[in-house]
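These are the structures, in C-alpha cells.
Two complexes come next, and they have one chain in common, chain A, joined by chain B in the first and chain C in the second.
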Partner chain A sequence: MATEQSNSQIENKKLVQLEIKKLEKDFDGFKAVNNISLDIYQGEIFALLGASGCGKSTLLRLLAGFEMPTAGDILLNGQSLIGLSPHERPINMMFQSYALFPHMTVEQNIAFGLRYEHLSKVEITRKIDEVLNLVQMAQYAKRKPHQLSGGQQQRVALARSLAKEPKLLLLDEPMGALDKKLRTQMQLEIVDILESVEVTCVMVTHDQEEAMTMASRVGIMDAGVIRQIGQPIEVYEQPNCRMTAEFIGSVNIFEGTLSVDEPDHAQINCPDLPVPIHVAHGVVGSFGMQLAFALRPEKVRVDMEKPANAHNFARGVIEDIAYLGSHSIYHLRLPSGKKVLASVANSDRLVTGDDAPRLTWNDEVYLSWSEKSGVVLSA
Partner chain B sequence: MTNPVRPAQFLKSFGRGLVSGIPYFWLLLFFVIPFVIVLKISFAESQIAQPPFTDLTSFADDMLTISLNLFNYIDLYEYDLYLDGYISSVKIAGISTILCLLIGYPIAYAIAKLPPHARNLALMLVILPSWTSFLIRIYAWIGLLKNNGLINNALLGLGLIDEPLVMLHTPIAVYIGIVYAYLPFMILPIYTNLVKHDHTLLEAASDLGATPAAAFFKVTLPLSVSGIVAGSMLVFIPSVGEFVIPELLGGPDTLMIGKLLWSEFFNARNWPGASAVAVVMLIMLIIPITIFQRYQAKDLEAIADD
Partner chain C sequence: MTNAGIGRWSWMALVSGFIFLYVPIFILMFYSFNESRLVTVWAGFSIKWYGELFRDEQMMSAVWMSLKIAFLSASMAVVLGTMAAIAMVRFGRFRGKTMFTGMITAPLVMPEVITGLSLLLLFVTLSQALGWPAERGSVTIWIAHTTFCMAYVAVVVSSRLREFDRSLEEAAMDLGASRLGVFFRITLPIVAPALLAGWLLAFTLSLDDLVIASFVSGPGSTTLPMVVFSSVRLGVSPKINALATLLVLAVSMATFIAWWYMRRQELIRQKEIQSAFNK
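Up next is the complex of A and B:
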C-alpha cells in the first residue's frame, strides 16, 4: 500500500544509514543470528518478518545493544556500535509491552530520555509538547500510563522513543498488544508519523500484513538468516525460495521436472496435473531437474467449462468453500489427490433465493491460470 | 410491598457476613476490648489491693460518679524520664530501621536477581534463623558480645586488640540485636516487591540514555517504595516497644519505653501509670501505621489497575 510512494523516495536517496556486517549471535551453541549482512537506507522503514524463534528479535536487541554479538559488526553512519552500551547508542526502541514507567506521568516518561541530552528546561518542555502533538496526546500529558488505553499507551511509547530524535528507531512487534481493528488504523498512522519525522526505522513483526502495510522493504527471516529482502510486492509476487513463498500468504506448490527450457518459455511436467505447466520465461536449468511451481490462490481461476488453453489447467472437485465476505476460498481436490486452494473475489452480491448457477460443494470444476501467474522455484 | 426475607437468602447473607466478619471479630476481641481495658486502667488510681487500681465509677447517694484520673498522663508529661524514654525508643527504632533498610535492600535486590530456583533457597536462608526461639537467639548474642565472648577472644587471639572491646550492655549491642532480629521483616516485603518488577523497564531506561546506576535510582527505587515502607513499618513498629533486646543486651542507660513499662508494672506495681505509658505509645504508633496502610492501599490499587 505505502510502497509505491516510499519506494521512489528510497530510489532517490540511497544513503546507507545502518550496515550490518556478517553479524552472528550464539546462545550456548545455538545460532540465533547466523551471519547476517544487511544495509538499511536512510529514512526507510524496514521490517524483519519471521515466525517466532527465527532470530528477528535477537537481531533487534543486537541493534539496541541489549545483546552483544558473537561476531560481526554493526555500523551506524559508518561508526561501529560494537562495545557501546544501550545508553551510549543514538538508537531508541519502542518496546512490545511499551515499557512505560508506571510511576511517571506521560510527560515525565518523555522527559526521561531528554534529561540526558544536556538541554535547557525550556527546550525539554518544547520537545515534550512537540512529540505529544505529533502523536496527538497533548491533552494526556499529566496522566499516568495505567490511566490510558492500549492505543494511547502506544502513542506515548512512540513519542518517548522519538523524543530524542534517534538516528535509528527500533519497533518491536509494534502492534502486538492491540486488537485487530485498532491495529489497522495505527499501522498507517505510525507510518505517517515516522515519515513526517523522516526517521530510519527497523521493525520486527510476525504479522505479514503489518510488515507489508508499514514497511518499504521487508526481510524474511528464518532460522537466523535472512532468506529474502525486497519491497513487499517483490517478496509476495517473486519469492526466491519455497520458504518465503510459503511464509508470505498462502500458496499452492506443484513439484515437477523441467521438460522444455527455451529463452522465452519453459514447461514443467507435474505428476499431479494432466497437462504440463507452461511459464512465459526461460528457466536456467537442466532438463529433468526437480522444480517447484508456486501459484497464489488468487491467481487460480475456477470455471465450470473447460478453459481454452492447452496448458495450465486441471480438473478438480470442490471439497470445501470458506466464505470470507470479500472473497471465498475454494478447497479443490485434483484427481491425484493433490489439494489446491483458489481464492475467488465475491464481486457479485450473493442473495438467497437468487437461482443463478453458483459453484458449490462437490461440483466438478476446471481450475486454470495464466502463463505469467506463478513462480518457478528450485525444489 | 416489602419482600419477605427468604430463609435461603438470609442464610446466604448471614454466611457472607460471618466470613467477612471474622477479622473484625478478631480485632474486637484481641485489640479493641484489651485496649479499652488498658485505657480504663490508665484513668484509675493506684491502690494496694486486688486489683491494684481503683474503679472509675462509684454509686453512692443516688449519684453515679465517674472519676477520670488524669494524673498518670500529667505524670508522663512532667517526668522527663518518660519523654526521654519515648524519644530514645523512637530514635533507637528509627536508626535500627534505617540500618535494616541499608542492609536488607541489597540482600533483597540480590535475591530477586537470582535465577528462580536459587531464590527459594536464599529466602529459606533468610527465614531459617527464625526457626530457633527468639529468646535463645538474643541470648546467643550475649555469648558473642561479652568481654570474654567469642568476638573479643577471636580479636585478642589474632592480636588485633590488646584489651576486650566493651560491646555488651551498650547501645551498640541493642542496635545489633534489633537489626539482627528484625532484618527478615525488612528483606521479605522488599524482595516480594522487587521480584515483580518488569525487566523491560530497565532496558527502556537504558535505551533512553540512563546508566545502570541512574536506572536504579529513577526506576527500580521509586517502584519499590511500597516494599520499603512495608518493611520499615514491620521493623519500626515492634522495635519501638521492644523489651527483650534492650533488657538482655542493653545497659542500665539504654532507655526504652518497653523497659519503663516493665518496671512500672512489675517493680512499682503501678498499673494505671503503666497503662498510660502503653496508651501513649499506641497513639504514637498509630501515625506510622496509618502511613503504612495508606501505602498498602495505594499498592493494592495499582495492582487492581493492571
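Up next is the complex of A and C:
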C-alpha cells in the first residue's frame, strides 16, 4: 500500500502541470518579476518563500490573472493562459483575508462559484455538502462569515476555492490572519485536505516554517528572481548562495580564502579562526579565491575543553544566552570580535540549586564542528 | 472645588445649548394647538388647525409635490452619484482626476443662489435654443435637485468605496463572475448601506430646499418650502405650526426607528460573534 502510494507520487512528479516561461512583470520600470521560469508538477504543494516586496505575490497574481505579464508565458496543462481573465482560468485562489462575501451565508459563498458552472440545483447542493464535509464545516452552512472564528473562516475559504475543482489552487499567505497556535494546527490540516483532493497548489508565504511544513518543494524568491528551488531539506541543508542560507533559518558565515583543494577535501583560511576550516569534499575553484563558509547554529558544538581535532574549532567567550526551553542559543564572541551563534539542545533537565557545572556568561569555551556540517558558498 | 465649579459651568453650557436649539421648536409645536388665529396669543387648546391643514388643498398638493420631487431626485442622485464615486475611487489615476474630484464636490460649497441662478439661465437658454423645457416646473426642479444632491451622494458613497476590500471583488472574479456580475452581486450589495444613507440625505436635502426650487420652478409647481415661505410673508397661520409639528414628529420617528433598528442589528451581531467564539 505504502509502496504503491510512493510509486504513484513519483509518477505524478514527472507530469508538469504548470509551466512558467521567462515571465516578467514590469511596474513603471520596476521589475517585480524578472525572467522567472518554473515548472510545477501535478499534485505537489509548491511554496514561494520570500521577504515582502520580493515579487512572490505579484507572481501569484499573474497566475490568477489579476495582473498581466509584460513578457513570457504561463502554460497550464500545455495551454497558454495569457490573455485569459481571472474568471476564464481554471484556477482558484484562497485570499489572505479569505475574502468571504460578508452578505452571504457559508452555503451561498460556496454556491457563488458553482453558479457559473451550469450545474443543476441538486448538483450544486451535493457539491456544497461535499466540500463542507471535507473541511468539517457542514454544521455551519447557514452562518454568515462574521459569525465564524478565524480558523472556521479559513476552512470556508478553502472549501470555496476547492468547490470548482480547480486545476491549480493558489494560496496567498494562508496562515497570515491566524494566531500562532492555530497556525501549526491548520497547516497540517490544510495539507491533509489538499492531499486528499490531489490538487496542485502554489502558495506564497514569508514564513519559512509554514513553507517547510506545508510544501513538498520550496522556491526562495528575492528581488523578482527565484534563487533556489528544492525540497525543504535541500534548501536548508544545501543552500546554493548566501542569500538563501541567510534567509532560511539563521546561519554563521565565515569568509576566507581557499588554501587546499583536493578531490576529497579542501581547506579555507579564515582570518577570524585560529585554524583553517576543513571540509570533507573538494571545491571546484582556484587557490586564493574568496569563499564563504556557512554553518548552522545547531551544528556548532560548545565545550569547556579543547577539542582533539586539528581543524574546525575556535575559542570564544559566551556573551549572551537565550534560553528557549527546548534549546538555548549561545552568542559567542571570538578573539577577532566575530560573533557566532550556537544552538544547544537542553537534553538534561536544568534544575535551580543543582551544583553541576554549567556554561554561563563570560565563560571561555571552545566551539567546534565536524567536517561535513558546513556549506561552502561563493563569497 | 474647582471640579465642582467646572461641572456646574459645563452643565449650564449644556442646558443653555439645548434651550437654544429646542425651545423655538417647542414653542412652535405648542402654538399649533392654539385656538386663536393669532399665533402668539394663547386662547385655549384646540386641534382645529390640523383639520384646516388637511383641508387646505394648496398646502396638501405642495406636500405631495415635494415628496414626489424628493423621491425622484434622491433616486436619480444615487444613480449618478454612485457612478461618479466609482470613477473617483476606482479608475486609478487618469488625466484631470484631481479636477474632476474637485468639481464633483464643488456644489457642496457653492452658494445656493448661484446654483439656482445658473440653472435658471441654463433652462431659459435651452428652451430658447431647443424648445425644451417648454416651461419650468417639476421636471426642472427635479433636474436641479438631482444636480446638487448627486454631489452629496458621491461623497458618501466614495468614502465607503475607499474602505472596500478589493480582494472581495477579485475573489468573485476568480470564482467565475464577469466584471458586471461582480458589480451587481458583490460590490452593490456591500455598499448598499452607503447608497441608502446617500438616498436619505438627498431626500431630506431636496425636501428642504427653498432657494434653488424658487429659481427653477414655474407656475403650478410649488414645493412645500415655497408655500410655507410665501404664506409666512402674509402672516403666520397656525396651520403652518400644525404642519411643522407633523414634520418634526415624522422626522423624529424616522430617526428613532432607524436608531433602534441599527442598535438591534448591532446587538444581534455582537451576540453571534460571541457565540461563534464560545463554540
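By our rule, the second predicted complex is superposed on the first by the 367 of 379 C-alpha atoms of A that agree within 3 Å, B and C clash if a C-alpha of one lies under 4 Å from a C-alpha of the other, contacts with A are read in each partner's own complex, and residues count from 1 in each chain.
By our rule, contacts are C-beta pairs under 8 Å (C-beta built on N, C-alpha and C of every residue); 3 or more make two chains touch, one makes a residue touch a chain.
For clarity, every value in this text was computed on a predicted model and none was experimentally measured.
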item: Superposed partners chain B and chain C on chain A - clash or fit; value: clash
item: Touching partner for A:148 - first (chain B), second (chain C), both, neither; value: second
item: Which of chain B and chain C A:66 touches, first, second, both or neither; value: both
item: First, second, both or neither for A:181, with chain B first and chain C second; value: neither
item: First (chain B), second (chain C), both or neither touched by A:349; value: neither
item: Which superposed partner A:93 touches (first chain B, second chain C, both, neither); value: both
item: First (chain B), second (chain C), both or neither touched by A:121; value: neither
item: Chain B versus chain C as contact partner of A:372, first or second or both or neither; value: neither
item: Interface residues of chain A shared between complexes with chain B and chain C; value: 64-66, 85-87, 91-93, 95, 97, 99, 101-103, 112-113, 115-117, 146, 160-161, 164
item: Interfacial residue positions of chain A with respect to chain B in the complex; value: 64-66, 85-87, 91-93, 95, 97, 99-103, 112-113, 115-117, 146, 160-161, 164
item: Chain A-facing residues of chain B, complex; value: 198, 200-201, 203-211, 218-219, 222-223, 302, 305-306
item: Touching residues (chain side chain A, partner chain C) in the complex; value: 64-66, 85-87, 91-93, 95-97, 99, 101-103, 112-113, 115-117, 143-144, 146-149, 152, 160-161, 164
item: In the complex with chain A, residue positions of chain C that touch it; value: 165, 167-168, 170-178, 185-186, 189-190, 269, 272-273, 275-277, 279
